Amino acid sequence: MSPRTKPSWTPWLYLAPALVVLGGLLAYPIYQLGLISFFQYTQAQVSGGEPTSFQGLGNYAELFGDDQFWQVLGATVVFAAACVVSTLAVGCALAVLLTRVRAVPRLALMLAALGAWATPAITGSTVWLFLFDPDFGPVNRVLGLGDHSWTYGRFSAFFLVLLEVVWCSFPFVMVTVYAGIRAVPAEVLEAAELDGASQWRVWRSVLAPMLRPILVVVTIQSVIWDFKVFTQIYVMTNGGGIAGQNLVLNVYAYQKAFASSQYSLGSAIGVVMLLILLAVTLGYLRLLRRQGEEL
Amino acid sequence: MKLPSRLAALLAAAAVITACAPQTSSNSSSDKDEKTGTLRVWLFQEVGNKPKEKVVDSVVTAFEKDHEGTKVDIEYIPIETRAQRVKAAFNDPKSAPDVMEYGNTDTAGYVKDGGLLDVTKEFGAWSETKDTDPTARQSVTVDGKIYGAPFYVGVRALYYRTDVFEELGLEVPKTMDELAATARKIRAAEPELYGLVVGGAYTYGAMPFVWANGGEIAEGKGGSYASAIDSAAAQKGIKAYTSLFSDDNCPAAKCAGMGGNDTVTAFAAGKAGMAIGGDFSHTAVEAGKVKGKYAVVPLPGVRAGSVAPAFAGGNNIGVLKSTSHRTLAVELMEQLTSKKTQASMFEAMGFLPTFSDVRQQVAAKEPYVEPFAQTLSAGTKFVPASPAWAQIDSSLVLPTMFQEVISGKKDVAAASADAAKKMNDAFASMG
Amino acid sequence: MRFVRSVTSLSFVRRPWRLLAETSALLIAVVVAFPLYWMVLSAFKPAGEIESSEPRPWTLAPSLDSFRRVFEQNEFGRYFLNSLVVACTVVIVSALIAFLAATAVTRFRFRLRTTLLIMFLVAQMVPVEALTIPLFFLMRDFGQLNTLGSLILPHIAFSLPFAIWMLRGFVKAVPEALEEAAYIDGASRSRFLWQILFPLVFPGLVATSVFSFISAWNDFLFAKSFIISDTSQSTLPMALLVFYKPDEPDWGGVMAASTVMTIPVLVFFVLVQRRLVSGLGGAVKD
């Protein structure tokens, strides 16, 4: 069913509030962000009354010439990828599990997952930090690790943050995929069963293709969210870890802008992030197009 | 591709509208001078803040009684994140406080940012300031103008556990090498304790090691600075400090992330044999488990009998340029830093007064001041008096350098060279 | 190993497999819930027990001391209320705006429609944290700094794109025939919109509002950056950070404050649980 064509002003009327809000509070700040990234903009310009000066691509040149930037960029990509993969794997596996159990265990798992989902990022981060605290946390006692510090090593700190991120974001994947599986008509699966397909095969050749739109949605959302992780890193590694080893782009931009008042460098990092995510989006849109799906 | 081209067209359209430059705020001084209303004050949140609040409250009560129709609203802000708060305040004069406490290392930066009010005239007219000691006066002065009143001076010295030393038959260390050796002996005998608790983010605990070895943070020539943190002498000091982060003294996994307050807290909780703490840490240590079981001596230098140069820290109280209660705010600043307040603040928090005469009086009463006074008279050092310092400090250049060495990411030469480069960039960009 | 006859009816799953699946489901539920359990437990533990090197998974002497410290912190109730005001305003306003916008992009065909949809998708990519700088100046110029408005406005903007994107599916799912029937019955366009379409899309609105509620309730970056000096406008995450001093965290206080902060979201989730599951299913079914 395709929407009929109606008088052309009505949709714009409906869109007006959204466009006003998005234009003023999203598009305009983004424009400002881009602008700042081309100027010299430090505290002296912001509040000291010194004139701003146009730098062209100077800020970008400085950024790209900095080894730390590339290091942080690499860490961000790897970390986000690890988070996305783990979240999807855990979420999908548990969604399938949910369909195999009776009401009581299903409700238990669902409630536990909703609890994790509902936990604010900041409290989730502090709680996980406390669980892994070298002196008072239960995890080291159970594992017999003594006073091993999880936040000291680069990888173990990232791993700890990853656990928290997966914990609080798998429920979205699980609930969505579960809802999707429930919507698959039983006859389809019955037919597969009659053909004698194994479980893995049913997932691969029946469920996965049918769930494909859902999987694409949760993947793209996970990519967006995990690439922009801020609170968890900021709280759990105390602003970026020992000697900045656990910085990701978002925290790095924040530190550059607000701790060192290099607002223009911070903005340039923000622009780079935006461009990367834009590229991901375009890839996603192409995928949709190729499948002949309509927006 | 149809999609990207459409997007590109939109982006191009957006790019065409590049008329205006990013926003700035002219942080001009407010010309209002109201005689009633609410004064907002920001003070630092210290370890064990209650006694400080008490002294401040009594000053405020008296002030409010003297000035009918005025209310003073005090907020204690965390030291770690002060940079963001203060910057936000400079950026939005409307929500800025009227009076605030600030570290003396930030003076030059804040003046450059246009945040602090020039109080040269009032400071000169204030009778008590003839006794202000020259170091303290220097810490509120930029280009000959005065931007606040000194609140207290802070120097750090060596706290050690008398009971532990007695039990193990240890002597108080006389040189820096002895200090390290003693620390390791303590840790070896009492594995539960750190020998000398040190912190990777504890810049002012680390700098005496650099200074004692003849190093400098930066060398200034006629107002412009060049970093010297990668000189051979400085590197020797960095090596001396970072070698303390090992399993036989203070394990890197625990200590690399610590800052000054963490080390004091650990010592106060009885988890360390020695610590580098300030006169201002005295109250916190007294309130801890080690009360009555510790003593303080100046931090030993390289040669026996010498004292490692300490950082002449301390805080000032200033008035913000944007205040709309200029007269009241300046008066409150004077009340908060008066001889009387500083004397009670010393009793409450152990903050060393900035008036020479008051300091002598309290030293006569309280013997624990002695090692700090000795440290002060042995000669102190200060950070580069450049507006760039605030940026170097808040972008954690030195802590990052120490942490890189401690965690083995870089050797001393590479880490200090990187730090020097970052500092020079900052000096170059801010003059 | 043969596949089940139907995913929704379980009668044919073989017994041992089902038992195994149910045991692991319960075990996983325990693991997932454990951090929350530990949070609540620690909040009730007396001071000595929290900072003990032999933590026990129970307490025999529950104490309310940590909660007392939390509630005694100046104006904690106020912060709670502020957070609630921010989150609820954001939820309601963004739901209404998103509903209108989603209707426009699904039930009408017009020029730029696809472009707009792409823009909504792209808008979700924007790293919110990076916009703190320009938003700071924008809020200052609006005179909104230091007020709850400075938190509400940006959150409405940031939750809109995702809400619109999600609501599309719900609006699309309402049969076109229904709309035609309504018009034949003489209903006006706004009557159709609010009295017929809105109730039908409501479950979707609930599912969507979960996301905007969480993002507004969780926010600590904006609160930290925009509420500069007026402590009466502070929100819960700020109050939580007071207990989390890096040098000496008051774990009891942190856990108690975390518990207080988590409860409203949990309540909200339990209330909308059913709608959420069916809602997410609906959002992606199209």
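Per-chain numbering from 1; labels A, B and C assigned in written order.
What we mean here is this: a residue touches a chain if its C-beta (ideal position, glycine included) is under 8 Å from a C-beta of that chain, and two chains touch if they have at least 3 such contacts.
A quick map from chain label to UniProt name: A = Sugar ABC transporter permease; B = Extracellular solute-binding protein.
None of the values given here were measured: they were computed from a predicted structure.
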Grouping of chains that still touch (sans chain A): one piece
Centroid-based (C-alpha) most distant chain relative to chain C: B
Inter-chain centre distance, chain A versus chain C - centres from mean C-alpha coordinates, in Å: 15
Separation of mean Cα positions, chain B and chain A [Å, integer]: 37
Where chain B and chain C are represented by their mean Cα positions, the distance between them in whole Å: 40
Two or more partner chains touched - positions in chain C: 118, 134, 137, 225, 246
Chain B: positions in contact with at least two other chains: 3, 7, 22-23, 25, 84, 91
Shared-contact residues (touching 2 or more other chains) in chain A: 32, 36, 238, 258, 285
Residues of chain C that touch chain B when the two form their complex: 115, 118-119, 134, 136-137, 140-141, 143, 145-146, 224-225, 228-231, 245-248
Chain A partner contacts - residues on chain C that touch it in the complex: 1-10, 13, 17-18, 21-22, 24-26, 28-30, 32-33, 35-36, 38-39, 42, 50-55, 57, 96-98, 100-101, 103-111, 113-114, 116-118, 121-135, 137-138, 153-154, 156-158, 160-161, 164, 175-176, 189, 214, 217-218, 220-221, 225, 237, 240-241, 244, 246, 251, 254-255, 257-258, 261-262, 265-266, 268-270, 273, 276-278, 280-286
Chain C-touching residues of chain B, taken from the complex the two chains share: 3, 6-7, 10, 22-23, 25, 40, 42, 47, 75, 78, 80-81, 84-85, 88-89, 91-92, 94-97, 258-259, 261-262, 265
Interfacial residue positions of chain B with respect to chain A in the complex: 1, 3-4, 7, 14, 17-18, 20-28, 83-84, 87, 90-91, 109, 112-115, 200, 252-254, 256-257, 387, 391, 394-396, 399-400, 403-404, 406-407, 409, 429-430
Contact set on chain A toward chain B in their complex: 31-32, 35-36, 39, 41-49, 52, 54, 134, 147-149, 151-153, 238, 242-245, 255-256, 258-262, 282, 285-286, 289
